[in-house]
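Look at the two complexes coming up: chain A is in both, with chain B in one and chain C in the other.
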Partner chain A sequence: MNALSPTTLRAPSLQTEGMTKIFGPLVALDDVSIDIKAGSFHALLGENGAGKSTLVKCIMGFYHADKGKLRLDGAEVAVASPRDARAHGIGMVYQQFTLVPCLTAAENLVISRADAPAVIDWKREMPKLQAFMERMPFRVPLDRRVASLSAGEKQKLEILKLLYLEQRFLILDEPTSVLTPGEADEVLGLLGDMARRGDVTVLMISHKFREVKAFCDSFTVLRRGQLTGSGDAQIATVAEMSAMMIGDTPIRERSARSARHEDRTVLELNALYADDAEGRPAIHAVDLKVKAGEIVGIAGVSGNGQSALVEVLSGQRPLKDGRLFINGKPFEPTRKDFDRFKVFGLPEEPLKNAAVPRMSVAENIAFRSYDKPPISSLGWWLSPGPLRRKGEDLIDRYKVKTASPDSPIESLSGGNVQRAILARELSGEVDVLIVANPCFGLDFASVAEIRTQIMEQRNRGAAVLLVSEDLDEVLELSDRVAVMSGGSITYVAPIGETDRNTIGKHMAGH
Partner chain B sequence: MTMTSTSPLAASGLSAATLRRIEALAIPVGALIASALVFSVFLLALGKSPLEFYGLIWTGGFGSSFSVQNTLQRAAPLILTGLAFAIPARIGLTLIGAEGALVLGGFSAAAVAIPLVTGGVTAVIGLPLMAVAAMLTGAVWIGLVGWLRHYRGVNETIASLLMSYIAIATMNFFVEGPLRDPASANKPSTMPIGELYRVGPIPGTTVHWGLAAGLVLAVVLHILMTRTTFGFAARMTGGNVRAAQAQGLPVGMLVVGCCAIAGACAGLAGFFEVAAVHGQANASLVAGYGFTGILVAFLARQNALAIVPVAILFGALAASGGLIQRRMEMPDATILVLQGIIFVVLLTSETLYGRIAFLQPRRSGDRT
Partner chain C sequence: MTGADLYIVLLAMIGGAIRVSTPFMFVALGECLTEKSGRINLGHEGNLVLGAMVAYAVSFMTGSPWLGVLAAGGAGLVLGAMHGWICALPRVNDIAVGIAFMSFGTGLAFFFGKSFIQPSAPGLEAIGLGDWTGNSAIAQALQVNPLFLVGIALAVFLSWALANTRWGLILRMTGDSAASARAMGVNIDLVRLLATAVGGLLAGIGGAFLSLYYPGSWNEGLSSGQGLMAVALVIFARWDPIRCVWAALLFGAAGALGPSLQSIGISQGYYFFNAAPYILTLFIMIASARSKSAASDAPGELSIVK
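Moving on, here comes the complex of A and B:
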């Protein structure tokens, strides 16, 4: 019998037939038919821009497909809006949390209901909520404010919210990008159990083959809007799945790690302290040295001070105490010192941290050079001609896909924005490179290319500080690994003397 | 996911930049036309003829050489206060305190004039000193708003608005107290600066030199914002302060600098109000030019050059106010109603950017 619900709700099956969606000249989804069996844990794989989001948005009713049918338990259904999807029991967990941080878990659940009353009778609601929690395979404290929950608990609450709303077809959009490996395994494991019991059917968008192999039972791959493969996730190999994803797109060979021959410390962080926006300590007593030709990777769960550290180094957050040195000389994150010490950076979410969305691609590429000849003369005059020429040259060399150098950079896709920033930051001589989650949300080919560029800078002798929430990335690139937990660096080890488990334990604060 | 559609204008081979310019012109002009239509309904409801109204605006604003000069005379301070809104807007600040900087600037000019006039200093030296005093006062006043914003996190819109009231009260205090000219019985004023210190009209016109100063400043500031490293850095900061910080830009200095430029513009407007129009500082300085300047800058989309024609348009509205009052028997506030409608329609039209399909450039294989 169904433990989840006293009513007859059970996991539905879902099929799309010939789903097609066209945006002007662009065929975002081309005749895609997928089949998700009731009670399965189905992975939807594909590069950025492969059409995964479009497919899911068509299922959810955000988009109206130009052609194609949607079947739920074999019967054709029309989903004209997200409201319809909800009525049919189709729910989605987005990459970003959709909970209200200042309300408690219980409040978040009740207000999410379509029939949420204007005045909530908590004496009546609380026992019902508790009974609901009792039936669930995992729980979240109902009386705690969402802001005080960990990322894993928030993610669980997002899923619980869908179950509370009696939705039995769950779509998860990269649900583990904000979780620790341990939390991710726990949440996915529990979802897998529920699917196997026939309580829910899960469709998960993912980039991580490890998760797909460990938890999913079937998969579908999209590439450039077309279905390129599907099958049993336990039988297909990672190589097969990745071939379906990438197709014949040539990937740049990852550059090899050349042997180091220098032992000179370039970047030195000395007892750094800084506060977050609310005045709470964000990092404390951070000491770290990065040598020439070395990549030091800082691993850690999101929110343990890594972003504050990057902000301090890039001048976005004031230092409360401590000192920075480059080649033994004091360094301050000002334009003068960035130029003097040849410090460059690839921040996370480049459109938010490294670009001005409304300025043109050429202007964005000129951020490092607009105040130097040939673009500027006399120290203050700016010549648009050389600015545009330099932009065109770098757009060409770094293969930035843009309609024109004058298009606003916000009109570019994520990978192309990152390529424009790479062109700006890495086209000159680099002594120190500060990198934060450089591949977040990018497709396979872009990821490989960006990692190659970072490795090339290292091989040329740059000191690279890499902060990443993607442990695979840290393991792949670093010469030494450091772990940040609770605002401090709690563990440092050369890459040869550590492993995923040890790092994971330190990430979790053990 | 971004919507893409084949756009006839894009297909016709116009570049993205050209399309953006067309859009930047078409939307404000469309908003003006829409405002005129809405205001026509208002007039019809009052039983007045819209055609007569707009005809009178034309006559009163541009109908004769006298009315053109009247229009330009009123446009002069609007160019300067428009710039005072537009320059901080480029660095991401919404400053609505030009009124206060104008009043304090004018008052400083009049106050500096007192010892100069009584000391018999020649106007060739005295007038520039007055102008410098006015601009410095304005620059410090609005610069302070920028400082509060950057270093203390005080909302610049509220701070600049409230500081305007402090500015007006400060002027009133001195004009009614320590610096009151005993001869100004009915309307407390500072001592008149006298005919020798009056800034005359531009030769061949009745329009004072403030118009020329406004035109020159509009061009200079346009060049500053588009063709200098300062302007580039200010636009970076205004567009994304985190990116500007990550490029090591002195964000605080840029913010205070842009605010100081804005204050200097408004202060200069105050100088001309005193030296060319009123001849002394009194409550007449509080004429609302600072607030109308906000509207001017908005309609000009913060573009320093576009501020000039827009300021002339609003100058014409103001110039025709008297005529409309007499001929149509409508109160003076009618023009304010029209200005209000323009402002609301304009704010609404802000949502249209990027949404008019045929004005959008084709995007390059963008997918999410």
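Moving on, here comes the complex of A and C:
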């Protein structure tokens, strides 16, 4: 074990030549050749479904390319399985962590080794692990269970694991989505330093142009399985790179923010407390007011209580203490009050949180109205005719792409599921709108459209509470920004009086 | 109740705990091992009863009770391996299969065991750990079966192996995060098959103790649900082999409550006190379902946790 001694191991270069992968009728990867130089920090850009993960999975040996070659340091290599990739020194950090939560950091490192001893002598292993940590640019406590580490520490440990296994070509799949801006900059900066020293070569899948501009030195763009551009990340502009990503897809003009004319508080959260599933405090003394015609954006690193807050507001999680008010009147998150106060919501992962996957699109669209005329009569009799007509009408108005109103909603693409939910929630009169990560995993065109819809609701006078892990989204949409950290709101400021750095500091809990 | 009576009851309960706890201990350790791999085997009641029958029959036919113990382990191993293999098939639910195996194992034992209800087979000999005291009550209480000591040694070994061997870490990894295990090239189904098979072996040995030592004969009402209670016991012990031993002793002591009260002449509520282990199970299930730490110690892949 001589990790990071540059005399024995150097960063490799990697090329793919004419990589092609076909799934049935879909050409997921069409003749893609990329060239990543030794010791570079290379960005792989593209929308969802552009073929980035297919390409990476072909490199890692999860998929067998139908055509194409892989070269490592110029020599052709055959990678038939992830094990082969590992033997060649190619390692990957996945979006979902692959660490084992119930094992300690040290146990996770040792067991990941191919030559892990049958009986582990911890008295010998621990000093070795500590010596390894000493040489690393960032550290993680070795004796703590992974379950108790923060997301940032887990991400660092994932990277440390690859280095511990002496892997010199690192593939990172959107590594910063779980980190604070500060942590992201730290991790990427240190990896960049290691790449420049020639210790590692990094291929990073990313959506964030800011990170690509700040840390990467070259990039490749994929669209619909094809290579649409590559070059020097420092020379190419963001506009050029995004043009390569989106191509000529027309994007709906963003609706402008109209001037506010009201100063009336609509939604008021008063000292909210709630526990998580294991009984630990999830949110703690949350106070917030949202005015009519205002978007309050809550930024924060994933897992700091934002989802618990949204669950409380949508009635999915019991409130331990505190009150909710709408227009000064007490509000209980029940179906009756949602109706009475015109409260609507776009939760994150709508297929999971706002839809019944196997029910039809029309039925899902009727969830807010199935018990009212014209769909229902006498309060209990459901008429399928009006239900279907309403579904057809909204599918048409909101351009939901579905084979028929009767198809199960799970057969729709992510953007279309979100559009169907938008149709259900936003087609009536909205006083309060609660939105959580509405654009997560959607393509550019859908993102623009959904943000426009949210802005239109604001302009019409709705009080909008937006919870998002995407700081750019919060900055784009909000009138006021709040930061959630450790279950509390630690910072609130009007958008004009704050900036990315200040918000980032509060996200990190400073 | 006088002080002397209390002394007798306590001593009888300690003796009872040592005697009654052994099958609980073996089934609980087997179940602990199985659940650490991410699967639940509710069929251990079947293993226990089949193990008891096989041990008694083999001991009767060969005259060697230890051969009976081995055969019981073998029967348990086969049942466990079958459970593990069936659960590896796509879309098979381990809980449903477990319930099927509970009926299968007991049914098999009743079918083949009919002819062994009458004859008397040689049992296991106890070691008199308290004989040197010269006190007959203490000597009686400290009659320890070798299997009890084997069970404790096994718990210590399992506890060590889970933290200090590659196999232990791979087992815990498989039970906690199948995705990570798969990413590391671990054959999850194989790990679970082996863990369930060895777990079944331990439960089978637990059954041998029932028919060859205490109560010490084969009949159809022998186990009366001890294999199921041991599953509750594993949750109570929060998936820790050493705590499984303590929990088994607690259940054993509860089971000995009725007979020991009877020994000092309290026979009122005899059946009620005999029901103590079942009542204890009920309360433990309620308490551990409410416990917050139990949730964080549970292997993440268990179907009851997900």
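Here is the rule we go by: the second predicted complex is superposed on the first by the 497 of 510 C-alpha atoms of A that agree within 3 Å, B and C clash if a C-alpha of one lies under 4 Å from a C-alpha of the other, contacts with A are read in each partner's own complex, and residues count from 1 in each chain.
By definition in this document, a residue touches a chain if its C-beta (ideal position, glycine included) is under 8 Å from a C-beta of that chain, and two chains touch if they have at least 3 such contacts.
Please read all numbers here as calculations on a predicted model, not as lab measurements.
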item	value
Touched partner set for A:Ala131, first chain B, second chain C, both or neither	neither
First, second, both or neither for A:Arg83, with chain B first and chain C second	second
Touched partner set for A:Ala271, first chain B, second chain C, both or neither	neither
Contacts of A:Ala403 with chain B and chain C, given as first, second, both or neither	first
Partner chain in contact with A:Ala118 - chain B first, chain C second, else both or neither	second
Chain B versus chain C as contact partner of A:Trp380, first or second or both or neither	first
Residue contacts with chain A in the superposition, chain B compared against chain C	B
Set intersection of chain A contacts, chain C complex versus chain B complex	none
Contact set on chain C toward chain A in their complex	163-167, 169-170, 172-173, 175-177, 179-181, 183-185, 292, 295-296, 299-300
Chain B contact footprint on chain A (complex, rising order)	23-26, 28, 48-49, 51, 53-54, 57, 63, 314-316, 333-338, 345, 347, 352-360, 363, 366-368, 370-371, 376, 379-382, 384, 401-404, 406-407, 411-414
Chain C-touching residues of chain A, taken from the complex the two chains share	81-83, 94, 96-103, 107, 110-112, 116-120, 122, 147, 277-280
In the complex, chain B residues that touch chain A	1-6, 15-17, 227-233, 235-236, 239-240, 242-250, 361-368
